[in-house]
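Should a chain be cited, it is by its letter among A, B, C and D, assigned in written order, with residues numbered from 1 in that chain.
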């Protein structure tokens, strides 16, 4: 059925699909959940275009045909109404809405069910069906993994439940695997949205929400916070990094047990940097299993896509960030560090150390 | 200029015979329903206060008794069943419907249990 | 228009409270207001039921409620409803004195109710249930307190009427006022019956 | 009892103490227009900030404040009061009444609205406006620093009280004050839809009152309703807000629908097609309006059953709304359509609103809503329905009833410029926002990052907003330059309903003699099937009218003072404020005021002059 809508020879939808950035558009879905939502969007759009077409056609006809012409003074017939017409324009919308409501109800349940994947995979195995990439549950024969997403003002924390470690800002996931997501928040309400992979669900304080997504293709997908959460709401971005299973396993290993170099750098400058880090930063930031939880885990900081959710990953930007966090993310929870606290030399060492924090193979 | 009525003048005179009869009947009805309500309240009270009644019965019971009393208050004490109260009935029952929806939503749809 | 009626009647109008257009407007408008109040209390009751379990280690309903006290309060309020009904019947009979008498009875019963409620709150407070102790306590005080505020307002309103019209006799202007005040009073009673059931009985029983 | 009104010479005092529904209507319009300009300026400032990626015209905090105040101001202080203005002025005229049921409360409602609105805006000068969005979701709002949110809570509480009073007043007016012969099913549709909107007010605002009360208790008095650590729950706020909030949007649109139902038949010179279906559809929309609120909360985690039910219920509203749209189209069908400015707004409304309506139905698709929610797609949806529906309705109403209210006609040429520029600007601004949302732009963002491809469309959007401002300024100018167009103002459009039988502006007491209504479109009926004049339902006699009073302002002022007391927790101020309020209420209750009579001679004199 989903294929059917995509095959409809309406050029409009072809125009729409594939619209926008590949990593950030609901119109350019990159995974089964977003695909499903896109088909619904497309279906509803067809119906709405049909409605608009009918209304506009009558409207234009009426305006042209019945406009007052110069010299015309006739009094139109005062019509009361028409029973047949009333029935027609009550029934047709009801039918159109049913066409929309039925698939929607089905999809709503599918999306709410984080176990569907396995069930469907089993059924398909039995049927020996060919895997299409936009049917939910078709591609996966892996176990699902579970990530608890804790949203903070204004950063994201990802706890990998199956492996017992935490990552900050970049959410690594293996391709072709169902990722079950549990959403929580300790401060205010946020909303977890990766447009190209799945629609949003809210991170609500005191409540755990569930959703799932899946990425068949490797890639870096933009994620956003979609609920007003304070001054830096618009900067509360994150990345979903989909990698193949092998890389993912490496990454998990690195995160659970970071390279020796991260804890006791052999490089002298980095070792100085580590000292600064231990003095000023470790109370909030963890590297490996050492360190506080008040800020994002930095075990793989060197491999971050961007810095603080949105800044280019450059030394100058990192220094600027550390010197004045308020400037880059108003109202965020991290203190700034003046030259009295960390002088320029220490800063360079710190940055050197920070850049060395990697868990995957060297690039 | 014509004379205008003074609405602050005290009303004088007797109620008509039929009014008097109606009022007397009404007083009777009111007192009877008052005792009925007292009785129902007591029933509800004892079904909870004493351990003799099982709570699986007591809870729906007291809720029903409460609802019956509310309806009695509205129709007996507040005369909502009289003629010419069509709009009043519309508004009160709409209010009750919306209040019920609100209560339902706040009990069940607050994210603790997902439906 | 409606007020072009004679001011003194051979016979009393059967319903002096709605004999004028003004009176009819007041009557209808006040009922509609009560329709709105229904939603208002519905929202509070819903909030309470939603938060009832959120006691956050503070005392909960079963630890606190004096069911017998509340039962007596309920009886008092029910009785005050009856006295106000009697007042209305006497108003239609044209007996100003009895109207005042029954209404004062209502006020006194209302004051007794309020006194018990204050005592109740004070006692719960002593037992460690502050307004900000838990979500349950906030919701409880908000609901029962709003009801209490209504009772207080009712008492003040009716007393004002009673003092203002102690000598006036029943007139086409004060009959609607007494009538709306009594409607209000009944409504408070209706709400209390519900609070009694949903907060107290269910609080102890389930 | 006083007799004739002592003609007060002081004009300002006259307006401050008026209880005349027509003057109060004009006050509402003026107040609403003031706040509309304010909200519009806030919108323009936001649009400038969003013109370029990572633009730094405004700080993020300021942006959030503007955003909150824009939404709050537009909904509560502009759109609704403007509609109340028309309702106040027109409803009594349309049903053949001399005033509303509660003139005193009517004045009180207005002053409460005005003082509440001003109170809210004082926050700009006291260290920051509210910043948690017009929806004020907890815990962001319960924890928001400063007094901004307190101003929001108290300001809306005070003005909300005014709205509730107004709603009850309209309900009773419509039920009790209709002229003889004006049965419910002969009422003009504007009166009908305002009546239904008033019902919605009656049941929706109490939920808001409680929401605001709880949040106030939480912020100021240590309540724990929404504090998760104390067993609180944050979703309760969202329910209370939307149980109010969704009906609220129908409170806005229904009276606007009513205006179109007056304008379209008048300028098509045809009876409204399917009158009873229109009434019925209005009632259904009102009813369903209470069944769908949770469609604003699809992503909050209520569960699939709840989502599915609310999705289907929401879609159902498309059916009665469609009935209305098609009835309007069929009213035009076979008519003789005149393109006056008033009608242009009505005709512009149909396609614009339908576009907004169908995106509403798309939003109602719960599974797809996970993509739409909290993006610019939603912003586009609601501006299409609100501007394309409500604001166009207000403009249509303004051009339609202006001669009746003020005794002169607005310049048509300027009106057409206003219409076309505004229409184009409106579509420019909001059409592109659909795509912005789908391409990944969340709403309520103070800016957006470079390289995400949002720049061009946002620029277009801002240009559209500028165009709307220019258009609106033309309208403002035309108000002051059109004053000489005073010929043929009593019935300029060949009107159909009772208000066109009065003089323009109407006499203080509207109708020297209460008219007798003989059918739907009462005036049209007399013009085309009778002798062109209304029959009188009563002999010419003295007319009873209420007295002016200053007490409504005093009551409102007292509440405003008390509000300051609450905001800064100054207890004596609370007591002083409430003392003033209750004192004034007490005076009102004790000092009986039975109005005055206008003697027949004076009425006869008026008639000869008029």
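By our rule, contacts are C-beta pairs under 8 Å (C-beta built on N, C-alpha and C of every residue); 3 or more make two chains touch, one makes a residue touch a chain.
Labels paired with UniProt names: A = Cytochrome c oxidase subunit 2; B = Cytochrome c oxidase subunit 4; C = Cytochrome c oxidase subunit 3; D = Cytochrome c oxidase subunit 1.
It should be emphasised that the depicted structure is a prediction, and the values quoted were computed from it without experimental measurement.
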Most central chain, judged by mean C-alpha position against the global CA mean: D
Centroid distance [mean C-alpha coordinates] between chain B and chain A, Å: 53
Centroid distance [mean C-alpha coordinates] between chain C and chain B, Å: 12
Chain A and chain D: spacing of chain centres that average the CA atoms, whole Å: 38
Sites on chain B at which at least two other chains make contact: 4, 6-8, 87, 91, 94-95, 98, 102, 105-106, 110-112, 114
Chain D residues counted as touching two or more neighbouring chains: 171, 175, 202-203, 207, 232-233, 235-236, 239-240, 243, 300-301, 303-304, 544, 592, 594
Residue numbers of chain C (touch at least two other chains): 3, 28, 32, 35-39, 43, 46-47, 50, 173
Every chain pair meeting the contact rule: A-B, A-D, B-C, B-D, C-D
Sites on chain B touched by chain D in the complex: 1-2, 4, 6-8, 87, 91, 94-95, 97-98, 101-102, 105-106, 109-115
Complex interface listing, chain C residues touching chain B: 3-14, 16, 20, 22, 28, 31-32, 34-39, 41-43, 45-47, 49-50, 67-68, 71, 74-75, 78-79, 81-82, 85-86, 89, 92-94, 96, 168-173, 175, 183, 186-187, 189-190, 193-194, 196-198, 201-202, 204-206
Touching residues (chain side chain D, partner chain A) in the complex: 59-61, 64, 132-133, 137, 139-140, 143, 228, 232-235, 268-271, 273-277, 299-301, 303-304, 307-308, 311-312, 315-316, 318-319, 322-323, 325-327, 329-330, 332-339, 347, 350-351, 354-355, 358-359, 361-362, 365-375, 435, 438-440, 442-449, 452-453, 528
Residues on chain B engaged by chain C in the complex (per definition of touch): 4-16, 19-20, 22-23, 26-27, 30-31, 34, 37-38, 41-42, 44-45, 47-49, 55, 58-59, 62-63, 65-66, 69-70, 73-74, 77-78, 87-88, 91-92, 94-96, 98-100, 102-107, 110
Complex interface listing, chain A residues touching chain B: 112, 204, 206-207, 209
